[in-house]
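Read from first to last, the chains carry the letters A, B and C; within each, the first residue is number 1.
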Amino acid sequence: MHHLEIKNLSSSYGSKKVLKGVTLSVDKGEVLSLIGPSGSGKSTLLRTLIGLTPPIAGQVFIAGQPIDYNNKKNLKSLRNHMAIVFQQYNLFQNMNVMRNVTISPIKIKKQSSEEAGKQAKLLLEKVGMADKYDAYPEDLSGGQQQRVAIARALATKPEILLLDEITSALDPEWVNEVLDTIRVLTNEGITMIIVSHEMAFVREVSTRVAMMDDGQIIENGAPQQIFDSPIENRTKEFVSKILTH
Amino acid sequence: MFERLLEEAPEFFNYHNMIFILEAMGRTLSMTVIGCSVGLVCGLLIAVLRQSNSRTLIPIKFIAITYVEIFRRIPFLVILFIVLFVIEPLMPGTSLLGIATVAVCLLSTAFLSEIIRAGLESVPPQQIEGAKTLNFSFLQTIMLVMLPQAWKVILPPAAAFIVMFIKDTALASQLGVIELTFVGKMLVNRGFSPMLGFGAVLICYFILSYPLSRFSEYLGKRLASS
Amino acid sequence: MDYTFQFSEVLEDLPYLLGGAVVTLQIAFIAFWGGAIIGIFGAIAKVYGRESVRRITSAYVIFFTNTPALVQIFLLYYALPDAGILLPPMTAVLIGLVLNSGAYLTEILKAGVISVRRSEMEAATALGMSGLQILRFVMLPHIAKTIYAPLSNFFIWLVLGSSLAALFGVEELTGRAINISTTSFRSIETFTVVAGIYVILTIIASTSLALVGRWAFRVKAKIF
């Protein structure tokens, strides 16, 4: 049984139809990367999965269970199993690093503050931000903020982690430290869906790569296949454009 | 004109009159402070209500929005009269000060709710989405994320509004409230020169308003830079 | 409470009240443009004037923006007769409102003038534009765009603020409401209708101003 199964998913952003029948499946522990031109719907797919943009057609299954995006309880339970990291403005600006990472476990999962604190320290060490636990987001660089954002997402112990272009808004000097953090995570067995423009990185860490254009999945396969010997024309076009630099 | 002023000055600035004026200043301030405090609380409730997407709250939301859009567009003087004509038959014996304060509450709620709403909407949507995806409830999102960030945008215009209201309370004098302007009129009616009477009142308003307005400007600058 | 609301009587007075609305608009108009003239001079004085000129202008602005308009007009109306100047109520109100508006408008216009000085002046000078050209093509359009919204809001504020003229016997909208309510027993209905007229008046005014702003100045403002 697939960990995550998406069948014919469509959704709109405002009045525009962005996702036009996406079908995709992801197995447990897989790292699936989504690539494609801007506006192809990659971010919208992640937003729809986590329930920020309601789907207008299609179905999503997690471990065989269908998700009803119109049911509040369902959504809450979904978000206990799935977490997302955005491109920017992730961290709560009015809280320091420690508070950002512990607030969800304490307030939502009702953990004690000691437990949450211990867990937070471990996670912050893992992302390399243990020494900044009382800093505020405004004192941190973009890369540092994103690493804390990853720790915060991991604090909810998700089974599926969605990463939406998390290095795209960073100055080049901070991109690598964030990619290094993700690289470590890909070896830990969390199911991940990554939207990224960092092609070399995508090629290196993904178990599968899916190419999206105009709201649909064009091609879906192993990284070597997509990058070295793409089948579809649109994939060929896109890959050649981005790789000849 | 000025000779009269100098003649009357010593009699004007006697103990009784000074106490009178000070009490009146107190009433001016209390109308403003009480009225605007209620306005802040009710304005906050309305602003938070307007953020919610709950279906069941839609009728109350509609009433709140109508209230704000209407009371923002009526002169304070007219609101004073309406409150007077409504409360007098219903609760005779209510003090004029109370009636005026109710009018201040009604108007300040409308304006402050808009200021607070603008503050809440200034919080980047990603902050709210972040809270959502972490399973924060509506109230948790407002209390833990939105308000702590919005208050910096809310405070300067709110402070400016309150300072402005100190001057608007002058209209309550026409209702008979014994506040600062009323006292000025009374003293002039007693025979003091208008220059002296109203001049002193103007200075009192200035004393109340200027320091607070400078302070709110300073607040604005401090919060803008942080 | 056995009080039945009778709006029909008030409807008879509607033409009278609407006449008052016209007076209200006239007062707001005169106060606005009179104040604008003062404001232009004041803004220029504050930005380009000598130290002494700036100080006097600041004193004027600080005095009129930190004291109530009502008391300013009381002073004009009741104190000037001592000096031999007897002002009819409407005139006193208008002079008071013009002086008051002038102070606020000085600040609004000053902000507009300042908003240009920094960025575009250097670019325009570097492009070799003459002073007059800079004024016409760079400064004025930019200033117009910046100040349009605050000026519109101020005008609306004046429409509502003109109601204090009623306290001097001027027969604008609120004044006429007071007149009616002293002779009839329908005070609540009268003032409710008058409140409604103010709401409609300000909505029409702000919508029209927003539309003109979009069309003439490309200022994006909310239509409602």
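Rule of thumb we're sticking to: contacts are C-beta pairs under 8 Å (C-beta built on N, C-alpha and C of every residue); 3 or more make two chains touch, one makes a residue touch a chain.
None of the values given here were measured: they were computed from a predicted structure.
Trainee: Any idea which chain sits dead centre by C-alpha averages?
Mentor: Chain nearest the overall C-alpha centroid, as shown: B.
Trainee: Just grab the chain with the largest centre-to-centre distance to subunit C, centres being mean Cα coordinates.
Mentor: Farthest by centroid: A.
Trainee: Averaging over Cα atoms per chain, report the distance between subunit B and subunit C in Å.
Mentor: 20
Trainee: State, to the nearest whole Å, the distance from the C-alpha centre of subunit A to the C-alpha centre of subunit B.
Mentor: So the centre of subunit A lies 47 Å away from the centre of subunit B.
Trainee: Could you state the distance in Å from the CA-based centre of subunit A to that of subunit C?
Mentor: Here subunit A and subunit C have centroids separated by 54 Å.
Trainee: Considering the complex alone, what residue numbers of subunit C touch subunit B?
Mentor: For this pair, the touching residues of subunit C are 1, 3, 62-63, 65-72, 74-75, 78-79, 82-83, 160-164, 166-167, 174, 177-178, 181, 187-188, 191-192, 194-195, 198-199, 202-203.
Trainee: Quick one: in the complex, what on subunit B touches subunit C?
Mentor: Where subunit B meets subunit C, its residues are 1, 4, 69-70, 73-79, 81-82, 85-86, 89-90, 167-171, 173-174, 181, 184-185, 188, 193-195, 198-199, 201-202, 205-206, 209-210, 213.
Trainee: Hey, which residues of subunit B end up touching subunit A in the complex?
Mentor: On the subunit B side, the touching residues are 124, 126-127, 129-136, 140, 144-145, 148-149.
Trainee: Would you mind writing out the residues of subunit A in touch with subunit B in their complex?
Mentor: 50-52, 76, 79-80, 83-84, 86, 88-94, 103-104, 107-108, 152, 156
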